[in-house]
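Next up is a structure, given as structure tokens.
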Amino acid sequence: MSAVMIKLIFIVVVFGVSLFVAMYSTYAERKIAAFLQDRLGPNRAGPFGILQPFADGIKLFFKEEFIPLKADRWLFLMGPGFFMITALMTSAVIPFGADFIHDGKTIALQATDINVGLLYIFGVVSLGVYGILIGGWASNNKFSLLGAIRAASQNISYELAMGMSIVALVMMTSTLSLREIVDQQAGWHWNVFYQPLGFLIFIICAFAETNRAPFDLPECETELVGGYHTEFSSMKLGFYLFAEYINMFISSAVLATLFFGGYQFPWVSSMDPGLTKTILSVVVMFGKIFFFIFLFMWVRWTLPRFRYDQLMNLGWKILIPLAVVNIVLTGAVILYKMM
Amino acid sequence: MGVIKLTDRIKVMERKPMSFMERIYLPAILKGMGITMSHFFKKKATISYPEEQRPMSEVFRGLHVLRRDEKGAERCTACGLCALACPAEAITMTAAERKRGEENLYREEKYASVYEINMLRCIFCGLCEEACPKAAIFLQNDKMAPASYEREDFIYGKDRLVEPFLLKQS
Amino acid sequence: MSSQIKMTETPPGIEGQGFFATSLDHVVGLARKNSIWPLPFATSCCGIEFMATMASHYDLGRFGAERLSFTPRQADLLMVMGTIAKKMGPVLRHVYEQMAEPRWVIAVGACASSGGIFDTYSVLQGIDRVIPVDVYVPGCPPRPEQIIDGILRIQDLIGNESVRRRNSEEYKKLMEEYMIK
Amino acid sequence: MALSHEEILAHIQAGCGDTAVVIPDSYGVVCVEVPTQQLFRLVNHLFKDQHFKFNILTDLCGVHYPEQKGKELGVVYHIQSMIHRAMIRIKVFAPIENPEIPSLTGIYAMANWMERETYDFFGIKFAGHPNLKRILNMDEMIDFPLRREFPLEDPFRQDKADYQFGR
Amino acid sequence: MRTNKEYIADFHNPDMPDIPYSTLNLGPTHPATHGIFQNVLKMDGERIVDAEQTVGYIHRAFEKIAERRPLYQITPLTDRLNYCSAPINNTGWHLAVEKLLGIQVPKRVDYMRVMIMELARISDHLICNSILGVDTGALTGFTYVYQYREKIYEIYEEICGARLTTNMGRIGGFERDFSPKVFELTKKFLVEFPKIWREFESLLSRNRIFMDRTIDTGPISVERALNYGFTGPNLRATGIDYDIRTADPYCSYEEFKFDIPVGTTGDTYDRFVVRNEEIWQSLSLVEQAIRKIEACEPGIYHADEDHYYLPPKKEVYRNMEALIYHFKIIMGEIEVPAGEVYRAVEGANGELGFYLVSDGGRSPYRLHFRRPCFIYYQAFPEMIRGQLLSDAIVVMSSLNVIAGELDA
């Protein structure tokens, strides 16, 4: 098997896994929400309701396609697709496990290890908001438009703080490659212990970037009915909802990679390379990812949401200055260590 | 804006300014998350309805039934008070004279040959039960009017309202 | 009018051509019935009982129906709960028209189904005068058990419905009768 | 600090002179009928007075008495003093041909919708109301449904068929 | 950078030049309008320039129906006014009729009424405050407290046989005595509920996100509130302790010990806090009521009025006189004096008044419901002018506008 083939297979697997995780995130969300609310949650579709995502998928697939008369037809179709593609693209640079060495060949569990991986993630994630913006604008509905505008301004504001929180991290790791960042965190040297403030800012921004509560203003039901996807039905809506869960999955993966040592875990990292290590590292990675997904949901079902101007205040007046302070502090510590 | 005092029972809810801990969001958030997490492992309150039934009170006002007396004769004497008392005007009836030989079927000399309740109109207020001087109409505490597909299904005639005779004996 | 409704509501599976037309129908029916996204069109009292149905004690989420979609485009089931006055009738109809196929309607409570005690100049005597209704739930307001009963009836209906029903002549005729689209 | 009826009546008479006709009421409320021209002056007087402080319009509603010729339509105001816990009931009447009564929206903001409701139900025109149009019923309606002669059920309605009701 | 307050001041300034605005339809079927009414908002971006409401979407002609029904059949109608607290409406109506007929009810009935009314007040405030949580995005608290609303429903069900539209009580008393289970359930509720309510309060009341959302949103001054005819918790939030329970006591409220919580600024947070505190007060009232009921002689649950209160069923079956009274009462042929009464009770939303004009006939000549929602909802545009769209939603749900009461 050529290297290209292996990569292709891997990419397909990653896509498949992202979709699968996203699918079951919807199920998990409903179950977790139910459990947090003293309910049982879906339990009729299959045992414990585990076929629920399939039911939703099939139902959405067979629902009537609907394009409002006054909508911009092409943009209306493009929005969800664009959102979905950008959501899926991000996973390309995330290392999902330790290298698998077989017959002397090294198979990296990462689609591609580019040396500006972090920048790539930022680039693609910020493209994602175009999907929302296009969809919301094209549907020619005031609620959608408001949602889209909210999404755009929210993403732009929080990207700044997010980027700045990463600057401090990069100053420390002096690399942009995700694989290297993960490798540096072997053992207990997780970045979260060195960059707690950076982590806090990053996770808040991650919530905002994925439009999750308490920052779910673009689609908050009680204010904007459905927000940017008010006019979407059928699979186009499915794409939006799905892509959101994929985004959540990717954000969790990035959080785990940058701050929680990715696939590293003290005992696992010190094992000999081999199949067991690879599998265990993948398990570790997904364990961390699931923890963060759970956190996302837990927070969503606990907190009230912000108001638009408060959101902006938090982003611009609190998080960005904090991120700057964090950079300065990190710089000072690095300088002190060098001296 | 001041407080106007009319009585001595007034209790002014002074607003405390936010403390620093409240200002930085996180403690309140973590506390809230603690509360929700404590419910995560709690016993669930849900009653899985079609399989489990929630116990209802003795006096619950459910589906109507037209009662029979101890001997199995219909109690209703078609006096029309229930129809009169019904705020929704959901009850219609036609009275008929009892004929010779029907004494075991109807308790009084008059009986309702047609007795219909429109369950879609009915608001289950229980006024008909209260109005009945013969304890003939009764709102069961364990049965509810079921949902159905057609509007015609909800006009309950005597066939569905009168208590089954055999059940009474056993 | 009502006899026409009866015709279309008959599950297509039981008339002619064996049991169920295809297994696709069956799978889609199963999927649809387990993923009903209701649009709560709650106007009055029954809306509060609907809240009770959504809340912990009754948990509509068990049937895969806890995702309320307040936008009609995404909803499968229009749950009309509460009095529909004549002023509201056109709005209700508009909402129904905006819903994407397949769509179902459930009239919860006496007011929505028949006007209930409000037999007055301003109240519509049953929403089936404006839009076709699939299931009626009696009660004023119905207990959550009865609302769940209604949802179960709708599930039966959905599970037995052919994927192509919405293109059939009967359905078109029904829509024409209500002058929808 | 309960006010006696005499005090209140004297206060009312200070507001509108001798035009107020006292209506006996067996339930302990001071009840007067005033001519329409005097209404605004009286209510304004009651509202402005700093001692009695009849400053709350509790309720406003219309009544229709078809047999009282020339005074068919009436509006009943309940005005309360929060400090003294006293209530005055003021009635004004207008003929059905031209039911015009001064609006109190200039004094009480809450009178706005209440007057619109009364207009909607009885067709009483409130002179000086900023936005007098129907509020509860449809704009297209021509009748005034709470007049006595109006039937509870619209006789021309098309949306109700007896066969569906088991009647 | 300008603050929110400066913006709001701008929009209230009559000299402000006209700004180009866009319109946004909030309702009639918007998720935040619990019940159905429409707000046409004029928006400048996310800021509200002005609003205009359209109501009447569930106008059901209560007052017209009431003119055609005997007195006792109006009780089911009042259920549907403010359906979140039906027993208060029922009792209010019965009080109005009793005032007209001149019926004196025994003390025990008074206490029983206090008990159910305060339970109803708890259930109403509970739903209002938890829905405020839902509208700000915190759904979970709602599901916690709703479980306890179900407990209140259980009590109702034990008393009268229905959950929401209770049709509870009769003219002159109750339809039946409270069973021992009622007291048992209520006592259990009094023990369990405070814990969950404290939990709910700690989820929201000192959470900065929630405080930021609600403080200074939709404030109204005492003067404007009075001018707009505010009553109930919304008025008390502005800082005046006006409460019908003390201003014009009914049902022996003067014998009970309770405080009237008032706010200071009349904003959404104050309304939330006042309602919270009223729930605590109501809990203590329920407890006092139970103690007072237990101190009374058991078995009295209605006034001894043969002419107006139905005779016991057993008598009806045997006694001719009882049967005659039974027929007379059910047919509505009771002797009603001609006269006019106004009786108000402190409903969950404010002063719920019944203006009943009787000409001696079997049904009221005219019955006007003073519906608090209908009156104070007028103030909505003034309260939200210059604020953000999100504020409008929060203000709306904290006003607790209930469509059934709004449109009647």
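A few remarks follow.
Should a chain be cited, it is by its letter among A, B, C, D and E, assigned in written order, with residues numbered from 1 in that chain.
The rule is short, and it goes like this: contacts are C-beta pairs under 8 Å (C-beta built on N, C-alpha and C of every residue); 3 or more make two chains touch, one makes a residue touch a chain.
This one's a predicted model, so the numbers in the text were calculated from it and none came from an experiment.
Counting steps between touching chains, the shortest path from chain A to chain D takes 2. For the pair chain A and chain E, chains touching both partners: B, C. Compare each chain's C-alpha centroid with the centroid of every protein C-alpha atom shown, and the nearest one belongs to E. With chains reduced to the mean position of their C-alpha atoms, the one farthest from chain A is D.
One simple way to say how far apart two chains are is to compare their mean CA positions; for chain A and chain B this gives 49 Å. With centres set at the average Cα position, the gap from chain B to chain C is 23 Å. Between the Cα centres of chain C and chain E there is a gap of 31 Å. Mean C-alpha positions place chain C and chain D at a centre distance of 43 Å. Multi-chain contact residues of chain D, defined as those touching 2 or more other chains: 82, 136-138, 145, 150, 152, 164-165. Of all residues in chain A, those that touch two or more other chains are 33, 36-40, 221, 225, 301-303. Across the assembly, chain C contributes 2, 55-57, 59, 62, 68, 70, 87, 114-115, 117, 119-122, 126, 140, 143 as residues in contact with two or more other chains. Against chain C, in their complex, chain E makes its touches with residues 28-31, 34-36, 56-61, 64-65, 76-77, 79-80, 83-84, 127, 142-144, 146-147, 149-150, 153, 163-165, 403-404, 407. Those residues of chain A that touch chain B in the complex are listed here as 32, 35-40, 298-299, 301-303.
For chain A in complex with chain E, the residues that touch the partner chain are 33, 36-39, 142-143, 146, 213-214, 216, 220-223, 225, 301-310.
Contact residues of chain C toward chain E in the complex are 41-45, 47-49, 51-52, 55-57, 68, 70, 82-85, 87-88, 91, 95, 117-123, 140-141, 143.
Chain E meets chain A in the complex at residues 4, 22, 24-25, 30-32, 46, 133-140, 143-144, 147, 203-204, 207, 209-210, 212-213, 388-391, 393.
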